[in-house]
Structure formats: structure tokens, C-alpha cells
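Both complexes shown next keep chain A, but they swap its partner, so chain B is in the first and chain C is in the second.
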Partner chain A sequence: MAANQTLRLQNMLNPESRVFEVDRVAAEHSTVIRTILEHFDESYLAENAIPILIDVSDDALAKVCEWVTHWKDLPKAADVVADYSKQGGTHGTANKAEETEEEGTENDVIDSPWNVVFFSGVDAKMLYEILITANYLDIKPLCNLCCEFIATIIRDKPIEEVCNILCIDMEFTITPEQGAAIRDKIIRDYYR
Partner chain B sequence: MSFLPPELLLLIVEKLDVPDIVALMFTCRANYGLIKAYEQSIVKARFCRLESSHAFFSYSWDMWDPWFPPGLRLHSFEFLEMLEGGTRGRRAAGDLRLALGCASYVNKLCSKELGNQPKWKGRGNKVEPTETIQPGSQSQSKRP
Partner chain C sequence: MAIDIRPELQDSLLRVTSRPCHHFAMGVFWTPLRHPPPVRLSVTVPFPTMAIASLGDLSALPTEIVLAICSAMDVTSLFRFRQVNRRARAIVSDMSQYREIAIFAIETLHALLFTRMGSHFNFTQFYDAFRAMECQVCGLFGHLLFLPNLQRCCWKCLRSARTHQQLHVVALADLAKFYPLSEDDLGRILPVVHAAPGIYSEHREIVNEPKKLVSLSDAMRTLGKLGFDPQSFLQRDTNYYTTGCMATTAFPYHDRATGTIEHGTLCRGCDVALNNGSIGAEARLNRAYTTKQFLEHFQSCPEAQNIWRDSREGTIPFENLNVAQTLRSIPWGW
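== the complex of A and B ==
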């Protein structure tokens, strides 16, 4: 299969979803797509789009495609593992140096100003959808990046606000009526 | 908006500081149970991050054992908060020798006062005052 071949992705849960075209090199950030490429024929992939089977919007899928296309030259996680296996999996000096280099690259991705621009126009719902899509396609750097952004949003916020951000019903909140009932029970049990 | 799956929530938790983790724990019962169940894993992941950022030296239970008061576990949020509090303070002060004095720092925190207090020895319930800590000095005690 040619290295510069484009792959097509389509959300099969949404019949009206559009087809996204991504470079093969960029799509290989996803472990799922990489596995599909290993197991399916070229002819099949040329005729059919790779199905995405999660309920996310086209905008989120487009964002993920944009991210992998921008960072297509970033070393893939699977390549790092393969290199490590080839070298016998020993922790030599050379391996450590390579690992440090890889970590540095991923840190560069997280600290990159491009990502700030990428996430600047994204609301919380879209951020969740990007995170869920990245998790489904197993794109680890994007997953980490989304989690980092959500953590930044949550940081130093009171519990009520965290609940609003994460759409959680506060179960530990006590209504005034419940509070009065508890107070009455304590008085009845201990001070009678 | 849909809920985040537990594995993603745990990924987010790994990137939060302890006070924020505690806030997240008290949002609902499911989150409390989840985060409490994965407390060890979260703390270990944070230790790895501290190590990889060169902000903290390698740790081992043997190293911490002599300084541990009874009731404090190595892989707990309480201990993590102590370590991160120490490294944050040192980072702010620009001191890159970092956590070399962390053991004595933990001991000082556990003894509740920073003055001359008896040193915790061993992990049992029995506390033996063997030496006193001078303010500003680093502990040189060895494991018995």
C-alpha cells in the first residue's frame, strides 16, 4: 500500500455523516486504524470507508482528523513499542536516551501553542466528544491532551462548579428539608 | 451531554492535584467509589510523574519505613499531598535540590509542630522518642 494513500473514515451510527479523508501516515496515530490496516486488504479499504461506531458529531470527528493531520510527523506510540521490542526490551543507555527523546517530543506536543489555538474555540461538549473519539480510536497523545485541558478547567473550582462542568447530579448535597430532618433526629436521639 | 466513562475520568484524575481530586470525589457516590478504589494506582502514577519531571528522587518503601507514623500509608492521597506540597514549595523557592529533605519534612508534618518534637520510629503503635529534630536540619537517621 502506498505510504501517501488517503483513508476514508465515516461514522456509521449516523447515516447522514460525511466521509472524512485522512492521510494514512496521520491515521496511523490510531492503534485501532493501524490494526485495521494490518488485517484488511488494500482493495477493501479502497472501496469502503473505515467505520466509526460511536455516537459523536461530525464536528468532533473533523477535529480529531485535523489534529492527527497536523501531528502526523510525531512518532507513533506503536513505533516506540516496536523499536523497544526489536532492541530486546533491555534498559540500556541508548534506550534510555531514546525514551527521554520520545518523552520530550510528547511534552512538546502538550506545550505546543498550536494546541491552545486548536482547543480555543471548543466548548465542553465538543471537548468530551473529542476525548471519547480519541479514546475509541486509541490516540494516546490526543487523549492525554484532552484530559489535561479538562483538568485545567476543573482545577481550583468548587464542588458545585465541578458538578456542572462534568454534568454530575450532586448526591451529597443536603436540601434544607433533609437538613431539618437530620437535626430533628439527632435532637430526638441524643438530647431527649 | 453524556457522562465520561470511568477510564477517562481516571485519566483526568491523574492530572489533578490532591485537593481537586478530593473535590471530585465528593461530587457523587460513583466518583467517590471509583477514585477510592483506584487510589493506589493514581498515587503510583503521580509518583512516576514526579520522578520523570526530575522533581523527586526514586522512592522505595524501605527508604520511608523508619519515618512513617502509624496509620499513614505510602500509596495514599495524604502522603501524596505531603510530597507535592513539599516539591511545590521548593520549586517556588527555586531550590532544585528538591525533595532531598522530604523525609524530614514528612516527619515534621506528622509530628504536627515544627519545633522540637520526638521523632517517630517504626511503624507500630509504640512511639519511641529517640532524637529530636532541630528546625532547619535534615534527618540523618538510618534504618535500624
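== the complex of A and C ==
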């Protein structure tokens, strides 16, 4: 297998989509692309782009490509499952010291300042698109990262604010007075 | 000597020879409020009416992704997210981890939210602690939760906290007096347990004021990183026990194989052994067992077997036995 082979990805749902060029090592973060690589001829892949069949913008796809390219030396999720015992420093050169422990690597990815920069230029809509793409391509670490990031957005916020941030319709049909009345009734019925 | 116990006699065996761990007797954090059915129900299940409102931005995501986001949230945020609307309520209530905890460990959830520790741990961490069975200090069955670092522990380890530094808890006010940092500063860098006033420890110590507590090992690590000297603080002689009880709460274990919920059982035979001054009785006292562990322990506990024989295989209630009269007069009895 040519490790530094370049793969081409294209969003087939969007006719004007650009073709993204990604290193094979980086693209293997995606379990879906791995499976495609196992089932297609090298010659076919040389001529055709790998189709992506999901309705996301090119910008989001570009972000995902940027992420996998930056973390291409990270142990791949599928490999970790396959040979858990052999795990440790066999894949990458950059973070060799941190790669000795699987958990350590995971935390490093989440806490890495590079990710903070990566997400800082991303607005909410883009974040969801990245998450959908990562989920479609089955890129576990990026998926977890996005989930963590969304969870931190609504962390320690009162309910009203959570609704505002996520554009959720408030559905409260009872007034605070009615709420207090229900609470009083429960206290009266059960605690006295 | 092994005694053959028929399965139908197991219940009466447990009734006669063991006693449950009472939160009150242990003197850990717990609320005397039982959780009445409407409260339990409202915490566990979604509303019966259809969810009409959408989840806003999150509705673009598939449900399994929303669930992944939910398990990445901290406990307090998840609880709050659940209150946003009916759909959020339905999604969170359908999370298997959430449901298991809401059904079996509602008191612990309550304590976690009450002491404001919920915002420091994400839900997966809480659930992992719930799934684990062993005390993180001694490895035996743990039936308590040490709130500052969300670890399962057992009463024995908590009582001998003097020797187990991991279970030491210190008041924020004491730290603030010792180091040139205000309570607010410390509160920002350390997870703080907001413990309620009440009666704590089996010595019935009355605490009149709410207290802010932090884990000693956490505090020392963080202060050490900030360039302060942790050793000088450790040299003071303090009683960590009561504060330890304030930062600990009951944490039942759900045995999936049998479907039972284990609050911890203590052996009455071991109480008798200590009263008789048997060798090694100190070590056995106050050890909590699961039901299965207790039945194994019973086979090797001659005193418990004696009680069983005295009660004529459970036909005489424990309270009417001679041994119960003896135990009543000593402090560690029930």
C-alpha cells in the first residue's frame, strides 16, 4: 500500500463541488473510506474521485479534510480496535511520547490548542455540518470532539439561555405561579 | 462449616443475620426527604403528551448524535437540558444510562445536584462510577460515593480516612486562611462541594452552617502547580472525618445479572464477634456486602451461623433473640 498516495474526494450531491485531495493516511481516519479502499481497484481510484453522498457545504468538507490532515499521524480508531495490544508509537512520528497510551492520546486530541484554533473560526451552522460529515464518514475522534464542543457551549447556562443559543422553541405552558402551586401540593401531600 | 441454605430461605436468612447500611447510622450526606412517586416519575419518564416543539439547531442532527452530545454534557447541564422542552425531555429520559441512574440512584443524583458537584463531571463519568462496584481505595464492595472526585468508596475506608489520603476533605475556609488566596479564588480553581448543614458521622456531630469543601489531594495538587507549598498545610493535625462524611453520599449498586439494587448489607455475626472479643473481629466489622457476597460470607462466619441456628432457621425474629439484647446495649449495634 502506498502510504503517501493522494486520494480525491468529491461531494456527488452537489454538481459544483470541488474535488478535495487528501493523503491516504489522513483519509483512513474515516472507517467508510477505509472500507471503500478495501473494495475498489487502485486503478479505479486513480481515475475517479471517492464519492461523498451527503448534503453539506464544501466549506464543511474542507474543514474535515483540514482536521484529518493535521491529525493524520494519530492512531486510527479501527486500528486501535484491531490490534490494541500492539498499540503505541507504531503509526506516527509527531506525538510519539503521547501515543504510548490510548487514553492519553485521546485527551491530548481533545485538549490540544490546535483544536481550539480549529473551532474558533467555526460558526454554529458549520459546526453541525462538520459533525454530520464526521458522523457520515465515521471519523470517531472528530465526532467526539464536536460533541464535546457543543456540550461546552451550553455548559452552566440557565434554561432560557440554552434555548436562545440553540434556537429551541420554549414550550412552557405553565406560569411560575402554577409551578409553585404544583410544588406546594407535592410537599403538602407527601412531606407533611 | 458450610450450611446448606435453600433458595426460599435466603430472604429470612438475610433478615435475621444481616442488617442494612442505614444512611442515617453512617452519618453521610443524605436528605431525609423520600422521593415521592410524582417526583420520581417526573425525573424518570418524559411527559405523556406528544413532543411538538423541535430541538432547534440540534434537530438537524441524527438522534444518536444528540445522544452523544448528551453524554458529553455535565450532569447539571444535562438535567437542565432535559427541562428545555418535551422533545429534549423525551431524548434524555430515553438515554439508557440516565434512566438507570434516575430509577436506581435518584438520591445520589439529588446529592450531586444539591452539592453543585454536577457541573464538574460529565454524565459518562457519573455512570461509569455507578457501574463500578468496588471501593476505589480497598477494592471491596463500595456503597458510598465520595463526591469531590466521584469515586465509589466504602464506609470502612471513609472511617479510617486518616490513613487514606484520597478520601480527605478540607474546608475551603481553612485553605483560604492558610494560603494568600480568597475563598472565591480557590472556588474558581477547585471543584467545591457545597455541603448542607445537618447531623454527620456516627458520632452525631451537629453541623449548623453549610460548608464549602474540597478534596485535599485535589487542592494540594492544584496549589502545588501554582507554586505554593502543600507540605506545610498537611502538617497540621486536623480531624478529616466529619468533613469527609459531609462530602460523601450513599451510592447503590445495580446488579444487572440479578436485577437487584444493592445498598450494602452488614453482618450481625461480625457485631457479635467484636462483642465477644474474637480475634480479627475489628477487621471484619462494618464491612459491607452485596447480597451474593453476604451469602458467601455467611458460610465462613461462625457467629452469623449461630444466630441463624438460634433463630431456628428464621422462624424467630432477630429482635426476640438473646443476642439482640446484648447488641442493643453497645454503640456499634443497630
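The rule we apply is simple: the second predicted complex is superposed on the first by the 151 of 192 C-alpha atoms of A that agree within 3 Å, B and C clash if a C-alpha of one lies under 4 Å from a C-alpha of the other, contacts with A are read in each partner's own complex, and residues count from 1 in each chain.
We adopt the following convention: contacts are C-beta pairs under 8 Å (C-beta built on N, C-alpha and C of every residue); 3 or more make two chains touch, one makes a residue touch a chain.
From a predicted model like this one, the values you see are computed outputs, not experimental measurements.
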When chain B and chain C are modelled together on chain A, clash or fit: clash
Touched partner set for A:V25, first chain B, second chain C, both or neither: neither
First (chain B), second (chain C), both or neither touched by A:I150: both
Touched partner set for A:L45, first chain B, second chain C, both or neither: neither
Contacts of A:L131 with chain B and chain C, given as first, second, both or neither: both
Identified clashing stretch of chain C versus chain B [223-231, 259-267 or 313-321]: 259-267
Set intersection of chain A contacts, chain C complex versus chain B complex: 124-125, 128, 131-132, 135, 143-144, 147-148, 150-151, 154-159, 162-163, 166-171
Footprint of chain C on chain A - complex, ascending: 124-125, 128, 131-132, 135, 143-144, 147-148, 150-151, 154-159, 162-163, 166-171, 186, 189-191
Complex interface listing, chain C residues touching chain A: 33-34, 36, 38-39, 52-58, 60-62, 65, 68-69, 72-74, 76-77, 80-81, 83-86, 88, 119, 122
List of chain B residues in touch with chain A within their complex: 1-5, 7-8, 11-12, 14-17, 20, 23-24, 26-29, 31, 52
Footprint of chain B on chain A - complex, ascending: 55, 103, 124-125, 128, 131-132, 135, 143-144, 147-148, 150-151, 154-159, 162-163, 166-172
